[in-house]
Amino acid sequence: MLKKSLLAATAVLTLTAGTSTAEDIDIVFVGKNTGNPYFDSLTQGFVDACEVIACNFEFVAPATAEATSQIPFLEAQIQRGVDVIAISPNSPDALNQVFQSARDQGIIVLTVNGDITGNEQFRDATILPTDFTKVGADQIEMVGSLIGYEGEIAILSATTEAPDQNFWIEGMNETLANDPKYANMTLVATVYGDDQPEKSTTEMEALLANFPNLKGVIAPTTVGIAAAAQVVQSRGIADQVKVTGLGLPSEMREFVKDGTVEGFQLWSPYNEGWLASYFAVGLKNGTMTNEVGGTFEVPNLGTITINEGNSINTQAALTTFNADNIDDFDF
Amino acid sequence: MKREPSMLVEARGISKQFGGVEVLSDVDLDLHAGEIHALLGENGAGKSTFAKILAGVHRPTRGTLKLNGSKVDVTNPIAAQKLGIALIHQEPISFPDLSIAENIVMGRQGGGLLSRVPWAKIIADARQYLDMLGVSLDVTLPMRGLSIANQQMVEIARSLASDSKLIIMDEPTAPLTPREVDTLFNIARRLREEGRTIIFISHRLEEVRMLCDRVTIFRDGAHISTQKIDDISDEDIIKLMIGRTLKKFMRKHVAEIGDIAMEVSELSRPGAFEDVSFTLRRGEIIGLGGLVGAGRTDVARALFGVEPAISGHIRINGVDAMIHTPTDAIDLGLAFVPEDRAGHGIFATLSVEHNLTAAVPGKIAPSGFISRSLEREISRKAVDDLSIRLASLRQPIAELSGGNQQKAILARWLLTEPDILILDEPTRGIDIGVKAEFYDMIGDLAEQGRAILLISSELPELLSLCDRILVMSEGRITAEIPREEATQENIMQAAVPRKGVAA
Amino acid sequence: MTLVRSILLRREAGIVVMIFAFCLAVGLYKPHFLTVQSLRIILLLVPLIMIGAMAQMLVLVARHVDLSIGSILGFSAMVVGLMYREFPDIYWLVGFPVAILTGAFLGLGNGLLVTIFRLPSIIVTLGTLSLYRGLTFIISDARQINRSVIPTELKAMSRTSPIFDIPWIILIAFGVALMTYVVARHTQLGRQIYALGSNPEAAPLRGIDVAKVTLVVFTLAGALSGLAGILYASRWGFVNPSNTGAGFEFQVIAAVVIGGVSINGGVGTVSGTVLGVLLLGCVSAALPLLGIPGSTQNAIYGAVILIALLIDRSVRQRGVTSLSRAAS
Amino acid sequence: MMNSTPAPTRELAPARPTWHIVLVRPETMTFLLLLFGLVGASFLSPFFLDAGYILRSFTLTAEMSIVALVLTMVVISGEIDLSPAANMALSACIFAWVQDAGVPLPIAVIVGLLAGLAMGALNAFMSIRMQLPSIIVTIGTLIFFRGLAQVIAGDRSIRVPDSFIGINNVMIAGIPLPVVIFVLVAILLGLVLGTTAVGRQIYQIGTNQQAALHAGINAKKIKVGLFLVLGLVSAAAGIMAASRLGSVRYDLVLGGELQMVLMAMLGGTYIFGGRGTILGTFLAAWLLVIVSTGMTVANLLPAIQLTVLGILLIVAIIATNFIYARTQR
């Protein structure tokens, strides 16, 4: 079912945003930064949804993902008097003041694809792609299946402080410690490539040098997994070290096809945008609420439940990509 | 015995103005092929300017040049090079980071930007030329760190390499040792044998006599005389260089000589000046004469703390003084009008007012905040006192003429009410009329009981203004001449280095 | 003068010693740092910086500086990426001339601003650093060029090899260094660049067309940055409008000043620069091995630049060349 | 020594009329651009003309604008400093880190300020004492300071206590406090530069350092002082930014040096020193806010702003050079 909805979503990718009327609801999505391919797909979800329901959509993002770089854009949206601000926050706390003044003006603030952990009171709801509590376990299962549930594994993460990654890594550690299925797997190192290709590459090389018996690497970040795959590809050791993690199909297709990577996971960023639009319009029109436990229907995604902490997930579990299905995805 | 010498260069009516001041007027000069021709004259007589015009560094304001009978226009140094004219600058030009060999050939190789550098040939040629000069240097080393003498030798090697028909040497021997001078002269003679022409600019008469065939004397930017060296005596040369029979500017008042204001003993800064001692009294004007580069300005800069001396003592009003910075000097009642007005004197783009009050921030801003009215009042008075001509106190000082700029600098210092004034070439580049005003002012200042050290290259100026004249040569004081005994001749005798000994 | 030469020689010998000492020290702790494999890692880290360092070396030797080379790298890479995206059938090698010409064009822009308006190159290139980066966003509509767009053959250059199992990209970088050596040492252009930087006032007196040489230097630096741009696409398989080349100029300046290139112009060798690049490469490769967080890297770069400046000064004791002096 | 060719003598020509002196100067250009920007921005977006919004937007760059005022004085004195943005980040990180470690807030502020002062001292040591060109030195310190901030903060945001947050929400007569501070600092520095002896000497040093030396002006002391003040003010600005944002990261005002230099240049400060005014930088700071918020509120691609900033910097330098070449003052 999940796969079907992903397919349905990609099918409308080619549509373009249509005309709008004065009654429409103005939604702005503030991305982490421009030039981030992940948000291309997410934005398309917004665009397509606003095509169907009555909303005006605009995407803005600063040039860099620096913590404060989103502030002027938020200020500008407040000034323009939009109805809904959706944002992938660059900082869990630097934006609090701006969020406060936006909400004082009646603007709905939704965080999308990342939350302001610890400052939840400053937003109305968060839309996350999947249940983050399960990501760690899923990823361990993924790497376990690739290495035969035995041997040394390592994690190549984004930055040391990346909240989502750290949350997942916590889950991975718990799974490894508590699930007897993985008793023969040892996590030997967790390193950080800062989401930069150069640093991720040197960290990956250092992992291989420091741990000659390494069997698998989990890179739960799109930059990290591509860099790790590239190192393995370049060294020709795909049969010895299995790389997996979270990645974009468009970036990983090559590695899957040449056998460097057997499988990796992600969710649909497109669906996040799609869902966020429906939810935003619903909230504004009063047809939906952000109350915990409430449910609503979104075309293609079915019934959505609002979880603890006003949190909404677009899909229940991660999608796994491998040689069989990679060509079906276009983001 | 010799055939009629063919003419290499015919210069006619060459004139050059810098900012309205004519530094060269209607110079005619013929240079024969295969002669060594000396150019002599006082500082500022126009020798170097003429040389630079030949070498394309300056363009003449008027006049024509003929080379081998055909008219040429030497538009830039490269054009000069192509015409076969090489100038060896007084201060050698070099690329310190390039090898000696490259410095010898730079600018001489043809070919486009991407053509190959023929290293083997360059190095071999460079060795050959330096061998010819009797200098043993590793030509693959960079120029940086070479002594001035060796740099000079490289420049000379450069002109040899260029195959020039006319080689101009502007005071080439100043930094050389006697042995190097001998070598240079041998080379010069050999070049003469090859039919090349050399212009030799020097202050050392005995060198001129040893080397040159003919001598041309310049004075005040004009050609005075050209003669065979054997036809003219040293005394005549000096007379022609000095020229005017001396008509003394009358110093209106002679001030009463008072207490010792400044006592300098054994002041030295190696490389610039050695063992300089003198006393200066209130009301006295001491002249400091000598050739450019004799170390006079360095002494002045040391006294004022711009570039302090390494050893020696300065006593001001009988008290030992430590002068490390100009601020120290100003506090002790010194004032210094520097020689390089544009570089060290004026703030070109700032207003006259701001220039005038630069040394007396305390007077215009007693509370730290500048009082506009006070500033205007002080400036206005200074302008009136020295009759500085200007359109407005607020106009940039660069818009004033040189003379008025200089008056403004003097006015700046008078505002500090100094006891001791050091004036370094105060009348350089100034119209004759304004000069006379300066002489009056300097006299008045002495009369007010100030002590004045006047550095000047103009002998009449020294002779008419000073109570005593110190003459420096090659970093040392070579003569102290009281006013009564001073003549242009004995000053010049003391100023010209007699032995070809380098420092 | 032999002293100066011996110091300069010592500079290069010094870097070699530093590289060996550093590698040994790391090797004692982590023996596999001293394997061929880690040499390969280091060499794969440095090609872009090597090419950028050659560009910056020429500019610094001419007594200028180019802060925009990272942005030129990004723009050129983006132009090539867009070309591959819009014309998927184009022969992949066409990217090279396109990248190099694009870079050369932007470099020429810097050169023209510097020569025509007689502006200090550091301010001009601070402006174009921002300008070229902005243009990169505009032409790309702020979207990344993805891995799938970059031709496989191009990406393969970062791991396949024509000879001795040394990947193409490393060979190209060392080829560029060799060519820079030839240009710097054996062509009139090279010598004129050194002469210009050594004594700008004397240069015209010795027949050097200062404007022309300056233009050529900036254009060359741009062209090399353009080459680095397409190699970025090869090495990392994507082109991002904001990341590609960002901060590149600082890494390059650090490498170049370690290598003994003087900020006062006229001084600098290809061998020193190559060694400086390799030293930085060793440090970058060793940090993760030693478990030192990558966040220390910028502080190290900055400290290295400051120390290199002080060494440069003590070696050359040259007078002040502050802006005010230059103007008066 | 070649004789320099002096400008044509004008001592007998009538003084230029006052209107000419007032109109033909870079600050006038800045002012006209400011008006033009206001009109243009309100055309681009009808949401724009709202004094409250402009003031709020100004708080986003107020810290940098304050630093740019001091930077203007440094540039007039003939030096430059590209490191103040990095200084802001490092001082703020040190401040936040120290107070996070349990040091009382006032002491943490003092530690932050001292850190900024030390950074200014490093710049002064390298540029003045060691006589290295400040433009290169401060590129080195720019990387170094930012790198140290990264070492201290890593990728973390360091929170500051709630009581310290919100300087931009403090209103004085309806004007946000950072804007008030900016205006006050501008007035203070304008007075220092325009009406005190030290201010006068800063111009004199920047016009001709040798002449200043010969006139007994202690150029080194003044320049060292300027670098120290700039370091201190940068630190204060960094701490203000921490208060506005509520947390500090190493990448605070990343790339801000470009904007600060741009403010000075756009206000008519001469890159080679000796000329420029606080008024010019003051106007330029507002101009930049109007240009960038005008573009942001019109939802233009942020990249266009980068492009515009780059073009503005180059055009500003060319224009001021041109104006100064035409008029002597």
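Going by the order they are written in, the chains are A, B, C and D; count residues from 1 in each one.
One rule holds in what follows: contacts are C-beta pairs under 8 Å (C-beta built on N, C-alpha and C of every residue); 3 or more make two chains touch, one makes a residue touch a chain.
Keep in mind that this is a model prediction, so the values were computed, not measured.
With chains reduced to the mean position of their C-alpha atoms, the one farthest from chain B is A. Spacing of chain B relative to chain D, judged by their CA centroids, is 44 angstrom. Chain A and chain C, compared by their mean Cα positions, are separated by 35 Å.
Rounded to a whole number, the gap between the C-alpha centres of chain A and chain B is 76 angstrom.
Look at where the CA atoms of chain A average out and do the same for chain D: the two points lie 39 Å apart. Among the residues of chain D, those in touch with two or more other chains are 154-155, 207-208, 210, 274, 301-303, 306. The multi-chain contact residues of chain A, meaning those touching 2 or more other chains, are 34, 61, 63-64, 160, 194. Contact of a single residue of chain C with at least two other chains is seen at positions 133, 137, 142, 241, 293, 295, 328.
Pairs of chains meeting the touch criterion are A-C, A-D, B-C, B-D, C-D. Only residues 28, 34, 58, 60-64, 66-68, 71-73, 75-76, 79-81, 91-94, 96-97, 159-162, 194 of chain A touch chain D when the two sit together in their complex. Looking at the complex, you find that chain C touches chain D at residues 65, 67, 113, 117-120, 122-124, 126-138, 141-142, 241, 250, 253-254, 263, 293, 295-303, 305-306, 309-310, 313, 319-328. The touching residues of chain B, counted against chain C in their complex, run 57, 76-78, 81, 93-98, 102, 106-109, 111-117, 119, 138, 141-146, 343.
The residues of chain C lying in touch with chain A in their complex are 30, 32-33, 37-38, 41, 44-45, 133, 137, 140, 142-144, 146-148, 152, 155, 158-159, 236-238, 240-243, 284-285, 287-289, 293-295. On chain D, the positions that touch chain B within their shared complex are 1, 3-16, 191, 195-198, 200-201, 203-204, 207-208, 210-218, 274-275, 324, 328-329.
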